[in-house]
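Consider the two complexes below, in which chain A is the common component and chain B and chain C are the respective partners.
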Partner chain A sequence: MAKLLDKQRYKCALGAMQTVQAITRAIPVLHSGPGCAQKLSDSIGSSGYFSPNIFPCTSINEKDVVFGGAKKLDTTIANALKVIDADLYVVLTGCIPEIVGDDTAEVVSHFEDSEKPVIYASTAGFKGNNYKGHEQIIDAIIDQYLEKSEVKEKGLVNIWADVPYQDLFWLGNIRELEKLIAGLGLTPNTIFGYQRGIKNIDRIPKAEFNLLVSPWVSVGNMKKMEKKLGIPYLHYPTLPIGAFETSKFLREVGKFAGVDKEKIENIINDHENYYYYLIERYADMFLETRVMAKQFSVVADAQYALGITKFLVNDLGLVPAKQFVTDDTPKAFQEQIRKDFENLNYGLKAEVGFETDGYKIHQEIQSHDYHGYPLILGSYYEKELTEKMFGHFLNISWPVQDKVVLDDFYVGYTGGIRLIEDIYSVAVQRWN
Partner chain B sequence: MSYKIAVASSDGENINETFGSTEKFIIYEVAGGSYEKFEERFYQEESDADQNRCNNSDKCRNSDGCGSGCGGKGGNSSKVELISDCRAVVCKKIGFHIQKQLERKAISFFDVSCTVKEALDKITAYYSRIDNHEPLRK
Partner chain C sequence: MSLNLKSSNVATRENRIGSITGYIGTLSDLAEQSGCGTLKGCSRCFSQSSTCLSSCALGQLSAIRDVAIIHHGPAGCSVASAGAYYLDKVMAKNRGVTNNTVYIGTDMNEKDTIFGSADALRRIILEVNKRYSPKVIFVTSSCATGIIGEDIDSVIDDVRDEIDVPIAAVHCEGFKSRIWATGFDISDHAVLSSIVQPPKQKRNTINFKNFYESARLEIIEIFKNFDLKPIFLYCNSTVEELGHISESLATTCICGTLGNYLGNGLEEKYGVPYIRTINPLGIAGFETWLREIGRVTERREAVEKYIAEQRAIYIPQIEEIKKELKGLTAVLGMGPGYTFEVSRVLNELGIEVVWALAWHYDKKYENGDVPPSMEYLLENGVDFEASVADQQNYEVMNILHKYQPDLYLSRHPGSTVWAIKNGTPAVYVADEYMIFGYKHTLEFAQSILDSIHNRSFEKNLARRVKLPYTDWWYQQNVDKFLEEAKK
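Moving on to the complex of A and B:
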């Protein structure tokens, strides 16, 4: 039976046009209906040199369904190459051309000899959500653009994290991850955001290893790169937020990269000293239990649900209620992620539900006894619910309506402090 | 269920007329997956119907029926009226205003340059799949 999805928390695979947009000077060329990109474009930090309003699009209609849209795609790509000055052209196909069977690969192959690279990804909505679409874009880059390099650059590490724009803090997070890695004496390489782009994509094959910080997104990409480009990878499934997880993260990455143990410990020590100096100064506030909720729930994609749960338990000593992972995590990864939720400090375990239906999530939250007002970190959909329950609410996952984030971040030691600031700002506002 | 398709062709072989300039439509009737020529309908400029509809507006007086005037409420061009019982119209090119008028009457339009046979084969195959709830996947 057909089902309605209440309060969707992701978009269709074509939403990965935002992944392309996050690569500076790369442009998505859409082979889709005229409304797709309009519906998929957020107005959150997506204007600039290329914005969704100018993405070339075949705007296919009924005629193209009947007679095929290949010719239109051909002219759209050819003209995009003529009028748009970009470094990389990524053709994304929507549902309609995929259903009627336009041969996008064949059309794109006409542009093999063009001055600028043209690649394609079949991002039909029925194939998955924009987390999957993101993987397909990276796959397209690996398959159609990158070549194996015999020369390796010592200490060069490609860093991969979650989905740009879907993750509100994507830019700040990836920069902070870069800083942490650079602190270990390694050279980070990322392809998203300011002053990154095609030159960084070209550097990918020279890396000594790939570092993936995500519970499940891009694991397939890492395997592909290992096979095609011979780059080994380290999969760190938890987004490191706060001192406990970040120190663990640095130890693991350092060990993998062969960094001297003493050096790693010294770096960690420096970070932790400052971190706990801040915590100590506000210890009376943290210990004032009247201010903070006794139990919390996170409603977010796997990376934030897991990262924040670990942070709130391990660093702040809060007690987890049920956590909700809303990104339609593939079944193959669910068991491992569930285990990660059960591996918390103080012998605590968090129950986790992989649930995409907002109605069911809200039912469960409402029927749970939080022993007082709850702390809910989730999408904007949880705001009204939390208000009804007189709880504390922080908007950390998509869709985001009551927060403006330019380059703020939650990752690392500093990110943990930022998250504490945000959570306690909500709490103290209520009491003052 | 049978339906009709209007084709703008001067020679009956190729789709070679635009919606605005064509003087006649060849009407095909489609039934049970095969199509057959049904009749030819000729368009007369400044037909009575057009006059009546436009007599309260100077702007529309000189309407040539190809979409330049009579875009308002109820002001369909008489050419659209001529094929209003058809499910689709096939022609070489079609103007924006006429597209809107056809949309209002739920008539599909296909602006293509190919043979009549190719167009009708593809369109009838498409409708047959839609009507029988079959997937469009090839």
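Moving on to the complex of A and C:
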């Protein structure tokens, strides 16, 4: 049912056009109103080989609402194939065609024999947010494009993580996850970002397993691939940030993949040595920064709320105040995620609220006693609030206005160091 | 124009003033066909995404201080709330004021499209009012609520008694019009019908419709010479201030597309003269505009004195820089409120316009005349190839590829970047005051010169990137996908 969405932190399912855009040389073809693409994009690296104003669009008008827009969709796809040089054309349906009942599947079927693949995903805005839309795109690729492979490539692992563009650090994170997996002697395969694309999609069925690093996004996609393509999956719910969680991550993935235990420990040891070399040099600063309380709150989607909470508690020794998950996490996943928040070192438990109403989040933050200057990691909406509380603010979740990220990342050992750099770059600007 | 403030609906630009989004020809032909009534817009059998009219409508309304926007629709429609929040905060800070405007979504889901959600909307309106005590509440529709026939007007009538501030329905279904500027009209209509009060006294103020008021302090100083006070709309406007705009001596606007509904509305309803000259961009524009303000407000002498003083300072400098610009060629793509205005300024600076794209074209202004910027060009013997395309990037790229101009100018985000990938230096004319008056005309000329002088960025980038269009497309005529409108 319609609800009060105050300080909204996600887009609608059609926002998954950005998931398509993150696949190099894949183009979204929108069957929607003329302005959906522009609304759903932002200037955070979305002007690449394609940008939203390149996306073909049926630009539905009043007549199409009455008479249907199937014919317009047909000419739009046909001409998109001629005008735009892409490897994969993904038709995304918006609200209008899904309410008036255009048969998109039928129109797309006209292009079964086209030189380049054309698939479609149902992404009407009212079907859910862009986290769900992202899953719809992956599902469309599995259902309409991928075929089961009898041949498996030894050590090949498909890595899946959270939603491109919605996650500011998507590009850097996925590259760093690849490096960590490659470090174990496995071969990572991902479909997003530089020099990835259709050839990586083609490789998906040959993988020995899927690795999903996300609290809940894409769990359904993993199950679908297990069923259709016979690929087993490992679901690692916590985005590994910093030494504690990343070492745990490597042990778990290594074990699943059958990597030699001693080899894993050696790899971990190398990483941790360098990590603590850096930490040691700055430990005085962490301890002697006069202006930071021990308590913090994260306001973000499940992946960052959980990942950062674990990092700040288990690596840096901070204490969690209430944490806020803002991605409209499906009810079925909430209990497990809540348990993950309660599983912290020294028996610490973080209280977590699944909340999409920003007003309520702000009320709770304001009424909590952080026993000093709080550290708030959140979206741009938390900036003014944190300033009013004389706290430290870092903009890590959407919407982002306070940070420019090209390929920076928070995942892994190095990612943990980057997050520390960002937090203390804010903190050191104050003395008292 | 016939203003009906009793209805919350505004007719689209297509229906009201015959606006079009598809045409290819020349400026003179466009004007001639508009004049004799034969102009018919074309549609396209292939198009790229453009802009939603709700972004224009709600971008305007959400810039007013301390109001509430409730956008009834799926989360993608109200996603503009994030940008509005940011802009409201930074623009208020810029001006040293506070803005507590809130922009709320309703996150409509599939069930709502079947059963409707009028009850939920009612509760949301009351809760927003309780939380924030806004000075006005705007409740707006989306494509989804429009198609399922959600009766927002009835919900508003229903809650009106429980809310002690004005509350208005804002109908902005994105499919209604291909012309996003219809959204500006929708916002003006909402302001006129819910906030503006009948005049009680005349004031020495001028309503100045603009986007982000970057030249606010400068214009306040200019108008002091004429004992006039500008009221900038709607960015950082207060509801109290808007209540009194019917008492101003005149209305003017930095962009005809942005301001004509409000200007004409205030004139028709309250007799506030609307300044309908060419816009204050470039030399001729600035002088013509100032003189008209002088005439309408009976301050001719003060205006002439000011013009004479300023000319002495700036004209020699502009003449000097023109020597370096002479002979350059340009293509430009902008909203019609700017395309033909900027074309005039480029002509003043000695730059040849080889092709001008207008993102839409209003066949006539609300008073039935051909747009003054176009008339001016033709009277002064300027003609060039022109097209009307709602930001159709593939057409822009086809034109740039064929003409290889020295310069591309655009005002809309996401357009200039494609020119530089083509290796064409580009000037992003984003700030509406970038060419305002003598001073900014000089600055504009200088930025063109700077863009031409160092082409490193675009050359470096163009050498390394591949463009997304097929060779086939570059070999086609730009009008390949235009179809005669079927009536």
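Everything that follows uses one rule, which is that the second predicted complex is superposed on the first by the 426 of 432 C-alpha atoms of A that agree within 3 Å, B and C clash if a C-alpha of one lies under 4 Å from a C-alpha of the other, contacts with A are read in each partner's own complex, and residues count from 1 in each chain.
In this section, a residue touches a chain if its C-beta (ideal position, glycine included) is under 8 Å from a C-beta of that chain, and two chains touch if they have at least 3 such contacts.
As the structure is a prediction and not an experimental result, all values here were calculated from the model.
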Open item on the list: After the alignment on chain A, I want to confirm one thing: do chain B and chain C clash, or do they fit together?
Closed with: clash
Open item on the list: After the superposition on A, what does A:Glu62 contact: first (chain B), second (chain C), both or neither?
Closed with: both
Task: Contacts of A:Gln336 with chain B and chain C, given as first, second, both or neither - done: neither
- [ ] Using the superposition on chain A described above, determine whether A:Ile99 touches chain B (first), chain C (second), both, or neither.
- [x] both
- [ ] Report for A:Thr76: first if it touches chain B alone, second if chain C alone, otherwise both or neither.
- [x] second
Task: chain B or chain C, by number of chain A residues touched - done: C
Task: Touching partner for A:Asn345 - first (chain B), second (chain C), both, neither - done: neither
- [ ] Indicate the residue numbers of chain A shared between its chain B interface and its chain C interface, in ascending order.
- [x] 62, 65, 99-100
Task: Contact footprint of chain B on chain A as seen in their complex - done: 62-63, 65-67, 99-101
- [ ] Mind listing the chain A positions that touch chain C in their complex?
- [x] 1-8, 10-15, 27, 30, 32-40, 42-43, 47, 49-62, 64-65, 72, 75-76, 79-80, 82-86, 94-96, 99-100, 124-130, 328, 356, 359, 380-381, 384, 398-399, 401
Task: Interfacial residue positions of chain B with respect to chain A in the complex - done: 108-112, 114, 119, 122-123, 126, 135-138
TODO: Can you check the complex and tell me which residues of chain C touch chain A?
DONE: 45-55, 72-83, 85-86, 89, 102, 104-113, 117, 120-121, 124, 127-128, 131, 142-144, 147-148, 174-178, 180, 390-391, 393-394, 413-415, 417-418, 465-466, 468-470, 472-473, 481
